[in-house]
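Two complexes, one shared chain (subunit A), two partners (subunit B, subunit C).
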Partner chain A sequence: MSSLLLIFSPIVLSLFVYFITRNSGYAKYIALALFGWMLFESITLYMQLPQTGYMLLGEFLDVKAFDFKLVLQVDRLSVIMLLLTSVLLILVTLSSWSMKNQAAYFALLIFFSGAIFGVFMSTNFLWFFIFWELTLIPMYFLVGVWGAEGRVYAAIKFFLYTHVASMFILLAFFLIYKQSGTFDMTMIKEAVLVTPTLIWWLLFIGFAVKMPLFPFHTWLPDAHVQAPAPVSVLLAGVLLKMGAYAMIRMVILMLPLEAQKYAWVILILGLLSLLYAGFMALYETHVKKMVAYSSISHMGLVAIAISAMSFESLSAGVYEMIGHAFIISPLFLIAGFFHHKTGSWQMGDMGGIMQKSPYVSAIFVLAGLGALGLPATMGFIGELTILISSIERFGTWLIIILLGSMLSAAYLIWTFRRVIYGEMSELVMKTEFSMSKVEFLSLMIFAILIVLFGIYPQPLFDMINQVFSGYVIGGAL
Partner chain B sequence: MSAFVVLFASALFSFAIRGVLIQKAFAFSALVVAGSLVILGYTTPLSGFGSNTIISFFELIVFIVFGAVVLSEDETINITQSLFIASASLLLLESKTILTFVISFEALSIISFILVSNIKNATQAEGALKMFISGAIATGLIVLGLSLYTIEGHSLNEAISMKAGLFGTLGLWIILVGLFYKLTIVPMHGWAADSYAQVRPSHAAVLSGVAKTVVVIALFYTFSPFILENLSFNSPIFLVLSVVTMTIGNVLALFQKKIGRILSYSSIAHAGYMLLPFAVLESSFASTGLLYMAIAYIFMQTALFLLLDKLSNGNSDMTLEQFKGLATKQKLSALFFTVQLFSLAGIPLLGGFISKAILVYAVVDVNLTVVALIVLLNSALSVGYYAWIIKHIYFDGVSGENKITQVAIMPLLAQTILLLGTLYFGIFAYSVFSVTI
Partner chain C sequence: MNTQITALLLLPFIGAIVTFVVGKYKKSLAFWFAEIIGITLFVLSFSIFMSWHEPLNFDFQWFTFGATTLPFGIYIDHLSLVMLLIATGLGALDIHFSHDYMAEEKDQARYYSKILFFIGGMILLVSAKELTGLFVGWEFMGLASYLLISFWHQNSAPADAGVAAFLYTKFGDIFLFAAIGLLIYYTGTLDMVKLNQPEINGSISTNIIYVIAVFIFIAAIGKSGQFPLFPWLMRAMEGPTTVSALIHGATMVNSGIYIVARLFDFYVAANALIVVASIAALSAFIGATSALVQDEMKKVLAYSTMSHLSLAFMGLGASSLAVGMTHLVNHAIFKALLFLSVGAVIMSTHHTKDVWKLGGLSHKLTLVALFMGMGILSLSGVPPFSGYFSKDAVLASALLNPQTHGFLSTLTIIAGVLSIAYGGRLWTLIFGGRVRDREIYEKATTPSLFWISLPLGIMAVSTLVLGFYHEKVINFIANQEYIEPHADWLLLFMMSAISLLALLVYYFYRRRYSLREKVSAQPFMKTIRQVLLNGYYIEVMITWFAKNIMVYSVAKSINWSEKHIIDGLVNGMVSLSHKIFILFEKTQSPKVSNQSGTMLLGVVLIVMIIFIGSVL
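And then the complex of A and B:
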């Protein structure tokens, strides 16, 4: 029952927050308390998990004629996503401490938390899809109401683009039900399916948009740039992870034979994302767009890891997903902070911020170094494990992944040069860089996590390694 | 039929009542009595009419929606008309033979002509006239079809003959074309795009929300034997009509500036979705899909037009510009409007999603995967104009020429009822499945 509460109490609570708190400032405390409880519940779930396989939390609303039943089940992969999500939600709440129009903002955030927990907890395809789509609603409003100048275009593009992609997913689910007679994703056997290839492609396209993989990524730069910084964190840290999670769970683990056959498609698109987005980031002078492209580039790495389909590479992919969330988030937050203070997005207008705001700049540099894969940060471990495991699977030519790392080193170091160090620009000179303690606290937590898991990744790998131990996957395994 | 007698008698009697509030209470209690008669299963045997669990279930839904309409209305004449339409809907839903079907259909049409003739200005007169003329054409076609059908010697006092020959088939198809006028199937949709947008929105709520769904449900149960008899011939026709209707409705809706017109085109698109089950009758999900679609649609479409009526104070010319900043002025109305729009767009946890999902599954069930994809993409692209309305409600500041009126407590209560319907059928799907399968 508490599992049901995890999903639906936020959805009901969001209405309460929207109508009752009336911008009185209580909304953020309610949100913080709720997300804290969700983190606690996730940890409890993690403690209770069996060694392998799923843990059933409850079945509700059974429609026998259509196998339409809310089945809540979690395994290690979903609990890791729940943990990541609830940590990020808490940090996002902290970093939007002084957001305007708080009642509505936190109501949407709370609504989102319920929907996203639903995505990771439900194993019935239809309910999975319901929650998957439900996450779009709060995001549409968060981008559209609190966003920058081009927010309307970005919000509608994001909504339409991802909604259309979802239709492919729904069609795939219907085909699966037609051919196997069940919507239960834990029961699907690939051998039963009549048209596994069609289903694989429908699912792949649907999830590739969310992840996003080149060439389906065009919604992301718009949405990320226009969204307020904390919402960008949610987009990068949670929404993209939804895509990667579904990709691992349904495209790889559920249909391993087809995935084996078309692994090269994922590999090529992953490589293209890595390099194309890297070059775009190099070219970009808009500081937040640069971070957005860097985010796509790193999701390309995750896709490469997924395509290798071995035990090590999938673990590395999940590690990189977590690393990406912790590394990209402070970059977005700080880019948003710089814009908030200076009023400009252009790197050309900035420079020498280090002298005015040393602590925030230091965290920006740290996260940036994480993104380019400096040892002792999460980025290094992620990139190294992905490189090794995918070379094992596909051969040494995949050393070109390092080109992606070089690219990210190039654009990040150049960005440091233009934004953080260098001559202090006039704009920066007359700007007062002050950040509230709470917002700084969330940045500090991100910085600590990046370094902590960079030096001591073992606990994370212990968690992740058990995820795939229950599966027999093709490829190197 | 006893429920029909109660409704019809109270409709006649309600002319005598003075005072809106008393009349509301009277009409509401008449609906409650009629509803309980349906629940208890009191039937007065009358040849040509009959009911079953599906029909009774749908009748209850219709009564609930009419309850909301009555709550929301503030003119005595409209409340009386609502009762008349409710009784005619009942008649149409329970008709078993082709004669009773046609007569009930005409009764419903004539009452709806009277409803829209309660005009306030020239625009509304134009809309009413367009509806009347198209309705007259439809009636002409139906009579022509009936005469062709009877040439073969089929009795009108029976259900549709399974053994219709050339003339019989032609006649039935002509009747169907006449009915398609009411259902706003492309190319018989032209009048509706204007009419729904020009008549008073509260009238459009009854016409596009209730009357249309009642006709489609009655049509399904009356005509499905005929369609099923020669499915390989009939199915492609319905499929093409359905896909063309939803595509044209959705595409044209993108270009509209007035909210009434967007909702009209969305209503046309939904007529397209509702025609799909006719094409995939061999799937066991067809009837569930149609019933679900009808139930979800009746709640969301009625709610939107009723709320539009209140927000625009009965003015049918409300533009998107005038809708700007609704959320800052009226939080609750804005939320009601938005949720129902999302339901129309097929966003989950709302009736609009599951109904469309089951409809599309019925299409997948008969292996028409490509058609299913077209329908899904249609539905996804329709988000374009729904999101555009929501953009005006939430993202924009209050515009200068804002003429939105404050919604009173009674209409908000009506909206709450309709919203609960949309939510209930969005989450508790077994209620519909338990009736049909």
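And then the complex of A and C:
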């Protein structure tokens, strides 16, 4: 029953939170306590997990006529996502400590947390889809209401893109139901399906928009630019991971034969994302757009890892997903902070911020170094493991993914030069950079995580390796 | 693992953190912490050196992903030990020197903690067993140099120089990264000792091993500032001079030579030494000639670093591992000495770097003049200084090796001989002759004996003493009785060329000053001077390519296509459905929001889905 609470208590609570705390500042404390409880529950789940396979948490709403049972079960992959999500939610709460219009903001955040837990916990396609769509609603408002000037355009573009993608996904789910007679994703056998190729393509395109892969990515930079910084963290750290999670779960593990056949498609799109977004970031002068393109570029790396479909590469891919979440979040937060203080997004208006705000700038540099894959950060381990495992699968020509690494070095180092180092611009000179202690604390935690798991990645890999070792034994890979 | 080695590996990094925290608390404490840690590191290296008799090998596992395990071993043999002694010894002297040189700096904590991090990177690099471990140290050094070169980040020039240093070396680094991937794929091991064994490197095809060797060498080119990735070395002069001494003498630039030496048998098997030799000869020539005309004291030394590293590479390229490495060791000492001497001059003349504003300083800075003179003599290869022995051996091995004999050896000899010209010129212009700028001369202060002259003296004495123990050094580096390559006429030739050039310099820059001005006013000489002054315009070309091709052509056109093609398609679809909407509704309201159009699109899609669903 507690599993059901994990999903629905936030969704129900969000309404109350809004009305109760509208006139007081308690919303953030409620959110923090709730997310803390969710993290605790996720850890408990992780402890109870069997070595392989799913653990059933409960079945609800048993409608006999129609396969509409809400089946909540988790395996190691979903619990890792739950852990990542709840950690990020806590850090996002800390970094939105001084957000305006708090009651509504945190109500939406709490609603989002319930929906996202639903996505990772339900194994019935219909419920998966319902939760998947539910995450869009708070996101739409978070971008559309708290955003900057062009927020309506961005929010609609975001909604539309992901909505059209959802249509593909829903169609695929109905096709699966029609052909196999069940909505239970753990029961699907590829051999039963009549048109596995069509289903594979529908699912792939649907999830590729979410991830996002080139050429379906253009909603993301716009949404990022308009979204307030903590919401960008949710977008990059949770929403994109949802796409990657679904890609691994349904496109790769559920339909391995089709995936083998079309692995090159994922690979090519991943490579294109990596390099295309790299060049986009190189030319970009808008700080947050640069970070957004860098984020797309790294998701391209995740796609490459997923496409190689081996034990090693999937582990590397999941590691890179987590690493990407921890690395890109402080970049977004700090880019947002600089904008909040100076009022400008343009790198040309900034410069010399290191002199005004040395510690925040130092964390920006550290996270940037993580993004360009410097050893002792998570970015390096991700890049190294993805390089090794994808070469193993596709051949040595894949060393061209290192071109992406060169590009990221170029745009990030230039960004440091233009934003952080050098002489102070007039705008920076007259700006007062002060950050609240709580917000700084969340940045510090990100920085520590980046370095800690960059030097000593074994605990993380211990968790990730077990995810896929079950599939290795089962011969699915 | 051996406690000494554990301490050696961890102390610099822990020390960097502690120094930073303590230094933020109280400014003056930063130096003392750094000094104590620096000396401890040297003592540790020295004690390992004294008790060492066979390679120390410790295997650890870093992490396991999937079913693959990446090891992280420590391996200390004679090559690592030499590098350890150099890095920690010169590092400690450098920290000691910084006490006065950086005395006016406000941010002591940041400075000393970065210096310790830098030394730590080098220690990690030379004691790693696998290429992965080496790569970690390799990148740490890249980071540390970036942070230290742009230490005065509030000014544009150092900030730009840091960018250049990071990107030039990073360009090389991705090739090393690629080599790591290729080696795992083809051999399954990154253990550098194993890679040297014929069972491993003989098992892959010669083309592949050649490509891997060249990839690793490209990384070495980047780090050691060889043609064409050298411009960052000169830009790096924007950093504090103590940092230049550390980069050019003790740590960073040596790592490129170290990696080729470490994988020497791999290079022999790959037949790639001729590539090393060719690049080395060309770089030696470029460096030595460009050093002749530089106006800034530190740039003369920077080009001379490039040239002398090339000589060390040449030694390796001519298949004499021990000779190349010995020259590296000797170079490290006299180059650190020269940089710190120049630092002393800069400090006492209140940040004058232009060599034409100095002159006649030997009266004021007698000790510095003496020690720097010894450094110059060692640099030029005058016996009995250590520089002579190794340079002579490098040139001899270049001559005797049939692969490098001829054009390459000629370039190398020219570069080797030219050292006296730029070295002598530099010394004469700073210390000798008449005083050119009376004001600077009058204001010049005498540096402190303990903080400035002592470290210089130690280095000057070492470069002299090592000359007498030359046999021992080279035997230790070769790890056996080593018979040096020898060419009978070379000594005679070198001595006469050096004397001739020394006379010429004396004449040109001291005696007949007017003659120099007359010669350099010639249009032809002016052109040559411009080319040399700009380092053959290599930097201009690379910058042009990066800026105009990569950013303003490729990136710009991709940016255009994002706006007009990919987004254009989507927006086009929306506006198309918008138009259809208007067509159907016939409402002439001027502003129909995009939303209604997009809503229609959604409706159309849902209808389509229902249609497809019913068909299937």
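Quick notes on this one:
Convention: the second predicted complex is superposed on the first by the 470 of 477 C-alpha atoms of A that agree within 3 Å, B and C clash if a C-alpha of one lies under 4 Å from a C-alpha of the other, contacts with A are read in each partner's own complex, and residues count from 1 in each chain.
To be clear about the criterion, contacts are C-beta pairs under 8 Å (C-beta built on N, C-alpha and C of every residue); 3 or more make two chains touch, one makes a residue touch a chain.
Since the model is a prediction, treat every value here as computed from it, not as a measurement.
When the shared chain is aligned, no partner comes close enough to touch A:Ser113: not subunit B, not subunit C. Of the two partner chains placed by the overlay, only subunit C lies in contact with A:Pro215; subunit B stays clear of it.
In the superposition on chain A, no contact is made by A:Ser86 with either subunit B or subunit C.
Which of subunit B and subunit C touches more residues of subunit A is settled by the count: it is C. Of the two partner chains placed by superposition, only subunit B is touched by A:Ile137; subunit C is not.
Of the two partner chains placed by superposition, only subunit C is touched by A:Ala376; subunit B is not. Applying the stated contact rule after C-alpha superposition, one finds that A:Ser294 touches neither subunit B nor subunit C. Residue contacts after overlaying the shared chain place A:Leu160 against subunit B and subunit C alike.
When the two complexes are overlaid on their common chain A, residue A:Thr431 makes contact with neither subunit B nor subunit C. Of the two partner chains, neither subunit B nor subunit C is touched by A:Ser95. Subunit A residues 156, 160, 163-164, 167, 170-171, 174-175, 178 lie at the interface with subunit B in one structure and with subunit C in the other. On the side of subunit A, the complex with subunit C involves touching residues 156-157, 160-161, 163-164, 167, 170-171, 174-175, 178, 195, 215, 218, 276, 279-280, 282-284, 310-316, 319, 352, 354-355, 369, 372, 374-376, 380-381, 383-385, 387-389, 391-392, 396, 398-399, 402-403, 405-406, 409-410, 413-414, 416-417, 420-424, 456-458, 461, 464-465, 468, 472. Considering their complex, residues 18-19, 61-66, 68, 126, 129-131, 133-134, 136-137, 140-141, 144-145, 151-152, 155-156, 159-160, 163-164, 166-168, 170-171, 174-175, 177-178, 198 of subunit A touch subunit B. Interface of subunit B with subunit A (complex): residues 285, 288, 331-332, 342, 347-349, 353-354, 357-358, 360-361, 364-365, 367, 369, 372-373, 376-377, 379-381, 383-384, 387-388, 390-391, 394-395, 427-430, 433, 437.
Those residues of subunit C that touch subunit A in the complex are listed here as 62-68, 70, 132, 135-136, 139-140, 143, 146, 150, 153-156, 159-160, 162-163, 166-167, 170-171, 174, 177-178, 180-182, 184-185, 546, 550-551, 554-556, 558-559, 562, 566-567, 570, 574, 594-595, 598, 601-602, 605-606, 609, 612-613, 616.
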